[in-house]
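The following block contains the structure, expressed as structure tokens.
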Amino acid sequence: MDGKNTKTFQKKTLFNDPVYGFIKFPHDFLYTIIDHPYFQRLRRIRQLGLTDYVYPGAVHTRFNHCLGALHLTTMTIETLRNKGVEISDEESEALSLAILLHDIGHGPFSHALERMILPFGHEQISLAVMHLLNEAFSGKLDLAVRIFANEYHRPFFHELVAGQLDMDRMDFLHRDSFYTGVVEGKIGYGRLINMLNVREEHLVVEEKGLHTVEQFLMARRLMYWQVYLHKTALAAEKMLQSVLNYLFTMPEIRLQTLVPEPLRSFITEYEASGNLKLIPPETLRRFLTLDDVDVTNLLKCLAKSEPGVPNMLSNGILNRKLFKIHEQDHPFDPAEISEVRQMVMENLGLVQYDQLDFLVISGNESSTIYKGGESEIRILSKNSEVKPLGSFTEVHIQPAKTTRYYLIYPKR
Amino acid sequence: MDGKNTKTFQKKTLFNDPVYGFIKFPHDFLYTIIDHPYFQRLRRIRQLGLTDYVYPGAVHTRFNHCLGALHLTTMTIETLRNKGVEISDEESEALSLAILLHDIGHGPFSHALERMILPFGHEQISLAVMHLLNEAFSGKLDLAVRIFANEYHRPFFHELVAGQLDMDRMDFLHRDSFYTGVVEGKIGYGRLINMLNVREEHLVVEEKGLHTVEQFLMARRLMYWQVYLHKTALAAEKMLQSVLNYLFTMPEIRLQTLVPEPLRSFITEYEASGNLKLIPPETLRRFLTLDDVDVTNLLKCLAKSEPGVPNMLSNGILNRKLFKIHEQDHPFDPAEISEVRQMVMENLGLVQYDQLDFLVISGNESSTIYKGGESEIRILSKNSEVKPLGSFTEVHIQPAKTTRYYLIYPKR
Amino acid sequence: MDGKNTKTFQKKTLFNDPVYGFIKFPHDFLYTIIDHPYFQRLRRIRQLGLTDYVYPGAVHTRFNHCLGALHLTTMTIETLRNKGVEISDEESEALSLAILLHDIGHGPFSHALERMILPFGHEQISLAVMHLLNEAFSGKLDLAVRIFANEYHRPFFHELVAGQLDMDRMDFLHRDSFYTGVVEGKIGYGRLINMLNVREEHLVVEEKGLHTVEQFLMARRLMYWQVYLHKTALAAEKMLQSVLNYLFTMPEIRLQTLVPEPLRSFITEYEASGNLKLIPPETLRRFLTLDDVDVTNLLKCLAKSEPGVPNMLSNGILNRKLFKIHEQDHPFDPAEISEVRQMVMENLGLVQYDQLDFLVISGNESSTIYKGGESEIRILSKNSEVKPLGSFTEVHIQPAKTTRYYLIYPKR
Amino acid sequence: MDGKNTKTFQKKTLFNDPVYGFIKFPHDFLYTIIDHPYFQRLRRIRQLGLTDYVYPGAVHTRFNHCLGALHLTTMTIETLRNKGVEISDEESEALSLAILLHDIGHGPFSHALERMILPFGHEQISLAVMHLLNEAFSGKLDLAVRIFANEYHRPFFHELVAGQLDMDRMDFLHRDSFYTGVVEGKIGYGRLINMLNVREEHLVVEEKGLHTVEQFLMARRLMYWQVYLHKTALAAEKMLQSVLNYLFTMPEIRLQTLVPEPLRSFITEYEASGNLKLIPPETLRRFLTLDDVDVTNLLKCLAKSEPGVPNMLSNGILNRKLFKIHEQDHPFDPAEISEVRQMVMENLGLVQYDQLDFLVISGNESSTIYKGGESEIRILSKNSEVKPLGSFTEVHIQPAKTTRYYLIYPKR
């Protein structure tokens, strides 16, 4: 009943999340990390890049998502402990840190520009940032780093961070469903977590959760094609990537002065940094000052520049005058692409043929329902055996991969 | 701006549905039917029988569901008309009536006692009731009856009432998900309806709704195993059926006086009515006075009767002392069943061997993901062809059937 | 990691509540009580009587509500403990029991028939049932009884059970809002609970929760007039009360044989039992076999009886042919009532004038925003003083009472 | 049944709003406006400025809100027409346009920087933008402008755009409640809209909606103190204003080169533009290129500048190291403020006393429950009289104004 104590506690405790309501975290050090500028920066990075062009409500940030994934982790630790799985406080904190920081390596517009500013995937960058923080906090993240890097001897901890049923996916599917309004993407995270257990140090799902796992996989699949790879959002993201690609490969000085720092330095150094095995700490720190604002600001600068490809793309993105996109389940015929290039060239009255590469964009995207093999989802059957998901006769979904091919180009 | 007019309109208009918010219906005659005692009776018939023993929130009624299905129908008619599908006001009213009355033939505890009070399926009874009402309202339901009986020359109307993507399923899946709290059963009814169209007078779904259809089918499957055929609810329902079976086959007078009218007459007449091709109007009218209250009241009477099978079952149901249930994916070995019967006989000190048939209950339940063949879901591809769902390479779910076998018996 | 242990735990643990999701309770004995027939009976008592005639979704039961209030109590105990309020495990269990059983004394249709079957309020009956259970469980409810009866020396426990911000109200307001679809009645239970604290053994709300308290009181007020005292539901409930009143005061044998047991005995004994100070255990046990089914069954019996007041009222209720209701903020003029009686008498061609008392019904209902005085809501100000809600200049709502007068009679 | 027609329709039709589901608008021209760069710009302006520092989910934009308000308007027009209020198609489109554009004049961070970039309120700027668009679209917005400016002879149209129960408030209260997670701020927009009517060309609410209006007003009040004027968000916004104030009044060249265009020109011109009666079109067009990105980009530039007030404030905002804030219901004593200034000066080792004005910030904020007088909410009583809300004896809330005084300064 100590008032001061109470207030300190309270201050630390509650986030009001529109998805889960009031949430709080069990380790003080988590709040220290949340307060850190590297983490606060996630407030300025949208979870779904340019997807709000299709789903206007989907403007939520990586910050929201990381807190949400941490909340589900807190629930999961409690559930597993209740089932008799021994988890020490040190392990609990380490797992929580690994989840909290799993996306700290994301840069502007998350996946939309992944590997385009630094030539590394976001997990590699996250790991590097965790090392940086571990140094700053004198080794307090040692175990978290090992869990994240899958070097801890109890693999289920890593599986909760990066597995087929990890806390990351559970939160983002549910949250993205909430913010996009795609209600059918909602997953039964409460039931899933309650069905989790651990056998031989691996994460398992109790058999009575079989259909919830199936539904989870189908909801994920739906979200991929309905949201994450939605053709309109894809067109916008490819246009954005094209802007950066242009700047990389067309180093006209005139343009580069239009590119504000600190982005300009990344563009200049990009090619050279491709050979790096490790991210130099100075580069990493600089990267950690970037967020969506830098890229949108770049677009706004380019949109006022003289006519040309960057100007055209930037105005298109900013004003949502998006390119046309065709999708099909087999590759586009090179002849068809040629034809489209020819048409675009004529329409725009272009003289430089090489500019077409930034205006007529083709490629493919694919999504897998779930992975079989080594990392297959483990089910704990009613008679206490651990068997892979695919071995249950009731399960009718396969670990199939779907690929779609796209062709994007300016309208008219 | 006529105040009186306004009030009349308002009075007729609004239902406050917890699932959809304020809803209203476009034809006055629908309100006449809703106000009819036959329809009001649905207020006393729970949508999910005894499922509230597993999901305590699931106490909603057929009344709610029928209004909900009608609301989705109203939305669908508007959407189809907006897409240029011609639907006359007469057709709109008839379709609405067919949906509103599609479940009017349900008796006490809906599916749990289907065919056990009258030896007809609920659709047959619904049709008979529609004929009854049609007579009472001088033919105003003519077209509704034809649509319901699939005798109208535009089959999509029937498909909206009883097809693989009908308004009935859309409402009950969504509503049952809402009331049970099984959030992962939620379907994207808004998107589904917006993707509906009509080609060659058949219902089709536009290709961009493909994944929503997949998710709908998986959500349905999940709801079947997680809710409609949940083992605990199944045990309760089989116990309830056993009570009626006992009364049918053990016509001891002592017991039958315990059975209150009007149920008693149905039990007495049951065998005889099995040969009927048509339901006599007098029987039907009597059936339409029955609701959950009659059956629960029966259980309460039997629960106070002298010891024996009916007493035991009734007390078990009322006080939720449910029988044990085993489930497996293959039939139970007759030897195993014999063993269980022997054990139950000893435990209960039974003398009459034939009573065991009402205490040790075995059988199976199955559910099909979706139907192929003639009634397969039709997809309208991007290039305007109509093709069956299964022909799309992106679709990985099969029209598979899953069967589970159960064995139910008293504990200890 | 003991599988068996796990299963036992799981079995006991989870209820899937559509309002709160998965909920579980911290004391095993709570599950024993939930499994008791007295408590299971609450599954057959609707929370809101006949309110589903206005809000068709509002068919939830006292069973749901009691589990919900228990869940909020579990949350509150955790919150208070986190703030340093010492609550022993024994106190936690006792408070939980008191909440779980606070409505166990409700009879058929809850408030609609309160004091009409037994001449006691539901709290008195609840206390009597708690004594009964306490005996059955050898004193395990001792402390729960003291808390419920406000005889424990730490009054905040009682305030959580029966105060202006108790767990009962928090759950029912939120839950009734959910099931009726009256979304604006939703309260911020999460925030309210997080703002609770204890000072001098009384419940207080921290000042920053001031507006949430205000909103809670206004939401309660809204729910009273919009739902609990909605004129249409009021008409239905008054008609139902009239049926019972008729049976009490018109002891024609003909009628009473129509009244099924066990209701009949209560009607016969009612007058005599009015003088009782205590409820005889035998009567109480008999009362605990009653539920909504008995009353609806009575209505169904009367609806088939010969023409007359009970028949008319019963058919009216069952088929939702409700009486007309007028409401105003001042008493109805006796002359006006006389006129209505005269008109009804003529319309119905009644010969027995005294039957009119059961057909023309007048009275009033009132609701108070909040209580001042002794039990006023206590606020813990920012500078740690405890002051009554009304003393804050920011608070503009008064503890005002609103009364409405009604006049109900048959249409036409 | 014309395929092409269908596609065109579909393309125009549906937004998936997480708050209302699928929404569409009845006039084609609305889509033309939505597609306009001025309107698309609202995608880059957050609805609630820096409020996400308190409620991390509250990152939604003005774009979302304007579409939402438009949706409620569509519902309202349909409801009023159903009640017999005559609304021509032209009026319907004009009202829709007025609502759609009511916030088009908002600049970066909405209210947080209102009047700080251009010395005009956002409504004045909105009106100016509407004139601009009206010119561009050859007078198609004539009537919309008149409604917005309250120059149309049917005042209820204006009242729906800017009144005490307008579509703007209904959407933002509901939407902000959704995104913040402050569930108790939810309003019954469905019921409110259904209770709206028109009498003598003024908007009225039917009496049975009285309590919903009360609850709406209390929810609004709650949202003001709990969200819009939340002390932490207020501190952040005052710090942001302080940055701009510093740049206005401390025109050191060194700093101004750090301020990127186009913001720099606004800062330079601000003082001069204070005398303007009208916004010059060129200035307006420039203003319409600004959004949150420009201001956040400014903060990021200043955060890297040399130490000093702008650097300190910018880093504080970006990294959420917010100043301390005290609030009370009466003005702060000048002596207390002096003391705080002295303390801050010493703590920071400041030499320039005048910099303190940007670090120690005091002032007040107030909120009124509702306005009485001329614009009072009109209620249509049961006997068809129009009376002000305050005249109903059942209404206990007063048009009271609450003021809070704040004092903000750096921690430690």
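Every chain is named by a letter (A, B, C and D) in the order it is written, and numbering of its residues begins at 1.
In this section, a residue touches a chain if its C-beta (ideal position, glycine included) is under 8 Å from a C-beta of that chain, and two chains touch if they have at least 3 such contacts.
It should be emphasised that the depicted structure is a prediction, and the values quoted were computed from it without experimental measurement.
J.: Farthest chain from subunit C, comparing Cα centres?
T.: When every chain centre is compared against subunit C, the largest gap points to A.
J.: Could you see whether B-C or A-B has the larger number of C-beta contact pairs?
T.: B-C
J.: Nearest whole angstrom, what separates the Cα centre of subunit B from the Cα centre of subunit D?
T.: Averaging C-alpha atoms per chain gives centres 49 Å apart.
J.: Which whole number of Å gives the spacing of the CA centres of subunit A and subunit B?
T.: Here subunit A and subunit B have centroids separated by 42 Å.
J.: Starting from the mean Cα coordinates of subunit B and subunit C, work out the distance between those two points in Å.
T.: 31
J.: Identify all positions of subunit B at which a residue touches two or more other chains, and write them in rising order.
T.: Only 16, 21, 182-183, 190-191 qualify.
J.: In their shared complex, at which residues does subunit D touch subunit B?
T.: Its residues touching subunit B are 1-3, 5-6, 9-10, 13-14, 16, 21-22, 82-86, 190-191, 194, 197-198, 384.
J.: Under the touch definition given earlier, write down the residues of subunit A that touch subunit D in their complex.
T.: Residue positions touching the partner: 15-19, 21, 35, 37, 40, 43-44, 52, 54-57, 59-61, 63-64, 67, 178-183, 260, 289, 293-294, 296-297, 300, 318-320.
J.: Which subunit B residues qualify as touching subunit A in the complex?
T.: On the subunit B side, the touching residues are 182-188, 190-191, 211-212, 214-216, 218-219, 221-222, 225-226, 329, 369, 393-394, 396-398, 400, 402.
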